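Here subunit A shows up in two complexes: once beside subunit B, once beside subunit C.
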Partner chain A sequence: MKIWLGLGVLLLAAIVLAAAAGNMWASPADLWLALTGDDSLRSRLLFEWRLPRVLAAALVGALLGLGGTIFQGVFRNPLAEPYLLGSAGGAALGATVALLVPLLMPQAVLLPVLAFAGAWAATLLVLGISRVAGAVDAAGLLLAGVAVAAILGALRSFLMLALSDETVSLQVVMSWVLGGIQTPTWRTLDLLAAITLLCVGLTSLLARRLDLLGLGETMAKSFGLHVTRFVALAVLAGSIVVAAAVAFGGLVAFVGLAAPHIARWLVGPLHRPLLPASALVGAIIVTLADAIARAALPPAEIPLGLVTAVAGGPFFIVLLARRLRA
Partner chain B sequence: MRLVSFAVMALAGLPLPALAQPLTVRDAFNREVRIETPPRRIIPIFASNTEIVTSLGLTDRIVGIEAYTRYPAEVLDRPLVGGRLGFSVDAVVALQPDLLVVTPSRQAANQLVDPMERLGIPVLVLLQRDVPEILANIRLVGKVAGVAERGDQVAGALQARLDKVGARLAGRKTPSVVMITGQVGNGLMLVARQGTYTGDAIVRSGGRFALAGTARLGQVSPEAILESDPDVLLWAGSERDLEKLTERPGWSDLRAVRTGHAFTVQRAEFLIPGPRTIDGIERLAARLHPPATP
Partner chain C sequence: MRLTAEKLTIRRGTTMVLADVSLAFDKAQSVALIGPNGAGKSTLLKTLAALETPDSGHVRLGDRDVAAIAPAERTREIGFLPQHFEPHWDFTVGDLVRIGAARHSNLAPTAIGKAMATYELANLQERRWSTLSGGERARVLLAMVLVADPPVLLADEPAAALDIRHRLDVTEALAARGRERLSIVVVHDLDLAFRSFDRVILLDRGAVVADAPPQKLIDDPRLDAVFGVRFERLGTGDGTALRAKR
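Presenting the complex of A and B:
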């Protein structure tokens, strides 16, 4: 209980800090004015622009934490991560197609659909390759993921080179690729919040079976788990979660890796508490990382994906080293 | 009657309607931009837009610039709102602007249009796909800034200079030209393309593209440039860098180099789509087609 309270307080503190942080720091009094409907330009900026972005960052972080937990659980691989498994790369390719290729559908529909399709297809592809190669261990899966991510990245770069008209679309894609929270309107933020809550709810339905799978396939089978079908289901769920995160936050590296690990230290390996705890940890990480991205180098803004990669890369290396030694 | 109602409103403490007509224009993104009163605090993003505002005599209304604006000297002390890594909504809003003029490059439109729309600060997005569009931009900014006449004057004078160059060059044989605007780390070279204002400026100076197929990608291999063997080689940069290039094997054999037709053009005139582009066209036209007698 103490841990949950602590995570909640930390998240709240992170949100307040992030709302204050920026090129121009806001005082608590400024924030209070903005929240109470003050009409000055500064207050409206905080309320209409900074606050939705901070909350969106928290929600994207929660989705990344969830996605990472699911992938680590389903692949029984502590190094699995949406960014490394190619699913984030697939989602980004889907989003690029939606943004740059003229198709007969409104972008608002096309973007999330193609982001999901890309995430799903890429993850299945990686899973398939590692299965066919008979290398379902940590290294095999990751190497397949790296290879697929490289191919997807190349395709995305080619589309950007060949199809962008140098005006707005390329810039939107760039901000996607480097990772950056798209500031939603309050209405879109409601939608994102609903999606996130739904994802937390739906994934918790997988929790017990993820625990079973963690015991090994044979053991899970003896408990009556249909492993192949469950893995397919879990990959689908993970892809939905990743696609939602990518649609709002672009390619944000390593949060999906770090959040589940930190959450595991706090609440243990069982997925029922682990999933929401990862979501909270992910939310805290991305909220803070986004604050750094906005405030570190005024007046410019560092792409969020670079902040998380610089902070999270060493984390991955440490995990990898420990695993290789073990 | 109107005077009476004004007086009543003033007495009642109601805000008086602004005397200047609110103005609605369409920008390059086909957005409707509504201007309530002529803007007094303008933030032009990028050198080109700063130069356009300045050419209209409105330098003192500029309250902020971005880090790569180098001209004119009077504006260089203004606060920066962004640079290489993008633009800060915070920094822009802190300056309390009532007009932003941006070009969709380096994330500017992507990062600024949406927040400014939410806050009700007008943003004018300008594109410059050819030289006439640069002149149209000058007129548009003039109109939006409440100095439409001045905008017409400035653009009209530039147009007259363009027409003069065009009339002088009519019917002349056009030399084939490659203009190199930069080098990429991997050895590829950036060249001025068709379908851009830089390309248009070359054509208006009486040149023609030596490289076919440069409409899409601006990066070409040095071999392609050597292969095309242009009549004139233009280098947007310093004399020293041009010398270094033309001393390289292969390059020294180019017809343009052997016949002394390799020379530099000013980056500010060909890579900043503002009024100085016309200076560049006049200068280049004089180099490509020297007047027969002074």
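Presenting the complex of A and C:
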């Protein structure tokens, strides 16, 4: 209980800090004015631009934490991560196609659909490769993921080069690839919040079976889990979560890796508490990282993906070293 | 319910892992499976548990094919104790036993506490798997599977990692369980197999070589042939002990 309260307070503090941070720092009094409907330009800028961006960052972080936990659970691998498994890369390729290739459909529909299709296909491909290569062990899975991610990245770069005269969309794609929260309207934010809550709710239905899978395939089977069917279902769920995160936040590295680990230290490995805890930890991380991205080098903005990679990369290396030594 | 195996055959490449194995088990019986390494004991056990699909043949529980029973229902009928168990996450002892209990929806609320007491785990509830000794791990595994005591238990050397006292306790408890419910146990310790169980099945190269009550099988020369040693049969106060020689 104390841990949940702590995480909630921490998230709230992170949101307040992030809302204050930026090219122009705002005081708590400014924030209060903006929230209570003050009509000055400064208040309106805070309310229409900064606040939605901060909340979007928190929600994208929650999705990344959730996605990372599901993939680590499915692959029974603490090094699994949407970004390393190729699922985020698949989603980004789908998004690139939606943005750059002229297709006969409105982008608003095409983008999430293709992002999801890309995430799903890439994850299934990685799962398939590591299964053909033998058991789903840590090294095989990571190598398959790295290979698939490299191929997807190359395809994406090729699309960007081949269609480079469409300069405006190209910039959007670039910000996607480097990771960056798009500032949403309040209505879009409502949608993102609804998606996130739905994802938290739906994935909690997987919790007990993720625990069973964590006992190993033989035990999971003998304890009544239909392993192949459940893995397919969980990969599908994870892909939806990752596609939503990528659609709103681009390729943000290592949050999906770090959030479940930190959450596991706090609440243990049972998935019922782990899934929401990872979502909270992910939200805190991305809220703070996005604040750094906006405020560290004013007036320029550092791409969010660079901030999380610089912070999360060493985290991954430490985990990898510990895993290889064990 | 009776458990029957009909002409089970499993090939891996050109080797026969199980060759036309047919066996029938009563509702209540304690059975020891013995045989040298690679005889097919573990594969037979997994096939009986429907964890492995035979290339041909069937396993039936009552008159139903076990492969056709939904996994969630099958786990209430058949318990399986694997030879190796290593959870991927560092669960606590309490977590693991509760996960085991959760597969049975209408378990008595006292069952978890009872299993904890039976396997001397009450003081280890909050301990994480990674901090447990080999013997403690084996006891946790037993508690996980037997907390929802199923009608059929298939156990693959559950006592191998235990010290002599616990090995004796566990093996004799599993054998005694066979008086009420079916227990089929892979046993490496031949003395324990012959002393504790009502029926001993000797496997070699995927086939059943002998299937008899222990007091009959213990004098069988095929025992020496299959294990590739010469057994000295030593009369003791309460039966015969085996001593292997080259």
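Everything that follows uses one rule, which is that the second predicted complex is superposed on the first by the 324 of 326 C-alpha atoms of A that agree within 3 Å, B and C clash if a C-alpha of one lies under 4 Å from a C-alpha of the other, contacts with A are read in each partner's own complex, and residues count from 1 in each chain.
Everything that follows uses one rule, which is that a contact is a pair of C-beta atoms (placed from the backbone, for glycine too) under 8 Å apart; a residue touches a chain by one contact, two chains touch by 3 or more.
Computed from a predicted structure; not experimentally measured.
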Margin query: Per the contact definition in the header, classify A:174: touching subunit B only (first), subunit C only (second), both, or neither.
Written below: first
Notebook entry, point to check: Thinking of the overlay built on chain A, is A:131 touched by subunit B (first), by subunit C (second), by both, or by neither?
Noted result: neither
Check: In the superposed arrangement, does A:272 touch subunit B (first), subunit C (second), both or neither?
Finding: neither
Notebook entry, point to check: Should A:223 be classified as contacting the first partner (subunit B), the second (subunit C), both, or neither?
Noted result: second
Notebook entry, point to check: Which of the two partners, first being subunit B and second being subunit C, lies in contact with A:323: first, second, both, or neither?
Noted result: neither
Checklist line | Superposed model, subunit A: greater residue contact from subunit B or subunit C | finding: B
Check: In the superposed view, which residues of subunit A touch subunit B and also subunit C?
Finding: none
Notebook entry, point to check: So in the complex, which bits of subunit A are touching subunit C?
Noted result: 76-77, 208, 211-212, 214-216, 218-219, 221-226, 264, 268-270
Note to self: Quick check: in the complex, which residue numbers of subunit B touch subunit A?
What the structure shows: 29, 80-91, 93-94, 96, 104-107, 109-111, 114-115, 118-119, 127, 216-217
Next item on the list: Show which residues of subunit A lie in contact with subunit B when the two form their complex.
Entry: 22-24, 41-42, 44-45, 48-49, 161-162, 166-168, 171-172, 174-175, 183, 185, 297-302
Note to self: Please output the residues of subunit C touching subunit A within their complex, sorted ascending.
What the structure shows: 46, 49, 51, 71-76, 78-80, 82, 85-92, 95-96, 99-100, 102-103
